[in-house]
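What follows is a pair of complexes built around subunit A, which joins subunit B in one and subunit C in the other.
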Partner chain A sequence: MLIEVSLIHNNRNIMKITEEVRISDNGFVFNSRTGDSFNVNPTGLELTKLIAQGHDFDTIKSLFLEKYELDDLTFEKDFYEFVALIKHHQITSQEDPLDFK
Partner chain B sequence: MEKLKYDKPSISKINAGMPSKFGLPVKQKVISEIDGIKVSSLIEEYGSPLFVISEKTIREVFADAKRAFENRYPKVQFAWSYKTNYLDAVCSIFHDEGSWAEVVSGFEFEKALSNGVNGSQILFNGPDKSKDDLIMAIKNNACIHIDHFDELYLLIETSRELQMKARVAIRVNLDAGVYPIWDRFGFNYENGDAWNAINRIMLAESLELIGLHTHIGTYIMAQTAYAIAASKLANLYMAIHRKFDYWLKYIDLGGGFASKNTLKGAYMPGNETCPSFDDYAEAISNALISSEIPHENLPVLFLETGRALIDDAGYLLTTVIANKRLNDGRRSMVIDAGVNLLFTSFWYNLGVYPTRELGHAEESTIYGPLCMNIDVVRDAIVFPQVKTGEQLVVERVGAYNITQSMQFITYRPNVVLIDNDGKTQIIRKKESLETFKNSEINPKRN
Partner chain C sequence: MSKTKITIAVTGLNNTDNPGPGVPVIRSLKESTEFEVRIIGLVYETLEPGIYMEGLCDKIFQIPYPSAGSDELIDRIEEIHQREPFDVLIPNFDAELFSFMKNEDRLLKSGIHTFLPTIKQFQERDKDKLPEYGEKYGIKVPASINLGSQNQISEIKDKFEYPVMVKGKFYDAYTAYNTEQVKQSFNKVSAKWGLPVIIQEFVKGTEVNVIALGDGQGNTIAAVPMRKQYITDKGKAWGGITLSDDKMLEITRSLIRQTKWKGGMELELIKTVKGEYYLIEINPRIPAWVYLAVGAGQNIPEALVKLALGQEVAPMETYKSGKMFVRYSYDIIVDLEKFETIAMNGEI
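After this line comes the complex of A and B, so read on.
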């Protein structure tokens, strides 16, 4: 988590939505690799889609602060909690965590 | 452009084939006020955490219990179980409703006297009665419920020395179909110990046997167990009459009625499975009335119900300190009230509720604030997302939590009573450093 946070802060979004995951517009998420399915609420769906589109933390934060009644610290707390959760559920994976090529 | 209302992003796993056990979506209960007073106002005025006792609920529940028994049995007397909640303000309400006092220590005996209870209306239970306690009880003409033979002989010796007669009953333990049998208290019915004790008491000139007492256990879900206990005491009652041509004054069925709290591991919630006062009253009254005892000689029925009378009247108001994700992704939160205040959380799944409608709920663990791993107030509770500072209410905490609360790590909070007129007042002050300084002695060293 800490590695991920620091990398996102450096504007290098290394998260990507796992290939086997499908996300519908009504918030239903299915992971064919694990067989698990999930419901995400509208803001969760929005976040997931923005992550899937490859936006970094700062861009997503700006978009959210512009759109919602929200302060930056609350967003930061909620964002990292959500990111940790979708990672736990194997909805995201790290592209090349060690950048070791 | 006007900004939109923000909901915390959430994701919940779908467990196919695992609907709620009632087959219905769970509607989140909200407790925003107690007896018409907002939870937020109470916390603002008296701090958090905060115990709140509702006088209105105490009186309503007591009236329900009284009605259930008095409609079925001609002579009923309740005795308030001090150990369940011995705050003076609480005891005084029960005494005002006509309850006697049931105490289990010299300390509780003194408390009952200081609350204005006449000594002859104190039932003195428990295995630990010192000689000084017995002297106090004899001098106050209390009903002493003898627990074991050593106490019986100490009582004979003490009453002889005082040249006073002690009014006594014996505690009887018996097989009422509830296991394990609470045989550590009193004299056993089945093996004849109880009958031997009765015979010894009847021979003692300084003792007057006036009753029989039993307490078959706690949180008893089967009212039929009380019927068995009542029948066995009725048998002893008649046996005493046959042998000594003597009628006792009372039979005391003790306490142990279940409250509406849900025991850990129970499949259904307690408020749907626990017998009502009517169920208990029907079982006990039927057993006594249909026993061999002639109607004109029916004993007074004493009841020492504690938990079922006070649990509903007690609330603990608390505030969220933090939200955390555990390493396996499970949600948890930390609140400012821990197991030091909620002793019953060790065996109940206590009801914890938000004070307003909140969004997405997921399975959570609620931890207390103590720096101890055992400080878990609720495990696996489906709870909405909350922010720090959110106020919550724990309900049904009136029984045992205040008397068994520990001073540990932090100060114990204020206890507030909402009286019948809807006015609030502190009935026990929050502890402070002075509370401890006043009773501690730090030896001076040169």
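After this line comes the complex of A and C, so read on.
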């Protein structure tokens, strides 16, 4: 079932999932403004949903470190890579991917 | 509520790899909630697939190409109308539009309603006048020059960077990466569509389209944006998806408001990575992917018929984004007798 992404504006979080993006529970992501669609793996889906829910970087990091066997550096590297990728595909809107706090 | 019985004549039954809009227009009309339609199919060629599709047309007539002369075409339309009267005519080819627009009053006197752009609207959006059009109506268009002869090809390198688009006046577009390729494309295009050949700046981006219907008073009755997902080697959409893009709708409404566009149209746009939109072409008729708009909630052919009959039509402002169409090819087995009938009698 497709879910509408709710946008939670947070002063600390300047990245948001764009309004036209729909994310389905099975990892299918559709941008109705560009017509692009993507498949994200379960980890990507989890990340995308956390971003959509308005969580900031620190919260997402602590959630992931708690749940998975992962070190800080690996998380940060993978996280920024993922964020840059979804920004490139206009899933998120953000001036600078590195500004995500 | 009982449906109004109506007879509609439709051209463009050539559902080939370069499909005419006739078949999807008929499918749309058959799904009308207000009309019970009887369809007269008008064909130029005896192998137009729409002739052989069961349950599509109630009657089919062959008509002469407009190149044989407008009068010949209109005389034949009137002759058909006398035998099988119809209320509305929906032409679907660019090349035949001029003859029908020119004879709009004559057709109406015979009881045939149309809903076509005016000759001025039709001519000012010609591909070779696109720069002036863009400036007049405040729309970005790629820079272009018109070539009247091969000698002018040398001018290209002073004005453009390669690649460039080489386009025919009516149809065909090729990407050329150097002077040699421009020459080849120039020869192909000019042999088929005559002169001028248009050299257009290559704008990098995604091709997106809008199907729209203007009421002739400046109102946009329908508009649905689409992105081609699968494009054939002829540049035709073989799959597409409706978009939720306010900017595309804004461009369409602004253009229809300013031009008071009457009838169906298709805007072809390039969206750059910066999010800018360049108008590359306006097709002055319903495009072949019209059935996607119907699937998304806007029955444009039905609305066009109502406008042709002088009925009020409220603008359709919503549609579903993320609706897709996927085209397919299909072999129909045909008995020789059917082919023989249309070939020998010019009607079925």
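One rule holds for everything that comes next: the second predicted complex is superposed on the first by the 83 of 101 C-alpha atoms of A that agree within 3 Å, B and C clash if a C-alpha of one lies under 4 Å from a C-alpha of the other, contacts with A are read in each partner's own complex, and residues count from 1 in each chain.
Following the convention adopted for this analysis, a contact is a pair of C-beta atoms (placed from the backbone, for glycine too) under 8 Å apart; a residue touches a chain by one contact, two chains touch by 3 or more.
What you see is a predicted model; the values in this text were computed from it and never measured.
With both complexes brought onto subunit A, simultaneous placement of subunit B and subunit C is permitted, the two fitting side by side without a clash.
In the superposed pair of complexes, A:G44 makes contact with subunit B only, with no contact to subunit C. By the document's definition of touching, of the two partners only subunit B reaches A:D78; subunit C does not.
Residue contacts after overlaying the shared chain place A:Q53 against neither subunit B nor subunit C.
Once chain A of one complex is fitted onto chain A of the other, the partner contacts of A:S62 are absent, as it touches neither subunit B nor subunit C. By the touch criterion defined above, A:S24 reaches neither subunit B nor subunit C. Contacts of A:I86 after superposition: subunit B is touched, whereas subunit C is not reached. In the superposition on chain A, the chain among subunit B and subunit C reaching more residues of subunit A is B. When the shared chain is aligned, subunit B comes close enough to touch A:L70, but subunit C does not. After superposing the two complexes on their shared chain, the closest approach between C-alpha atoms of subunit B and subunit C is 6 Å.
Of all the residues in subunit B, the ones that touch subunit A in their complex are 3-14, 16, 323, 325, 328-329, 359-360, 387. For subunit A in complex with subunit B, the residues that touch the partner chain are 29, 36-44, 46-47, 64, 66-70, 74, 78-79, 81-82, 84-86, 88-89, 91. Interface of subunit A with subunit C (complex): residues 20, 22, 30, 32-35. For subunit C in complex with subunit A, the touching residues are 206, 208, 226-227, 229, 241, 243-245, 321-322.
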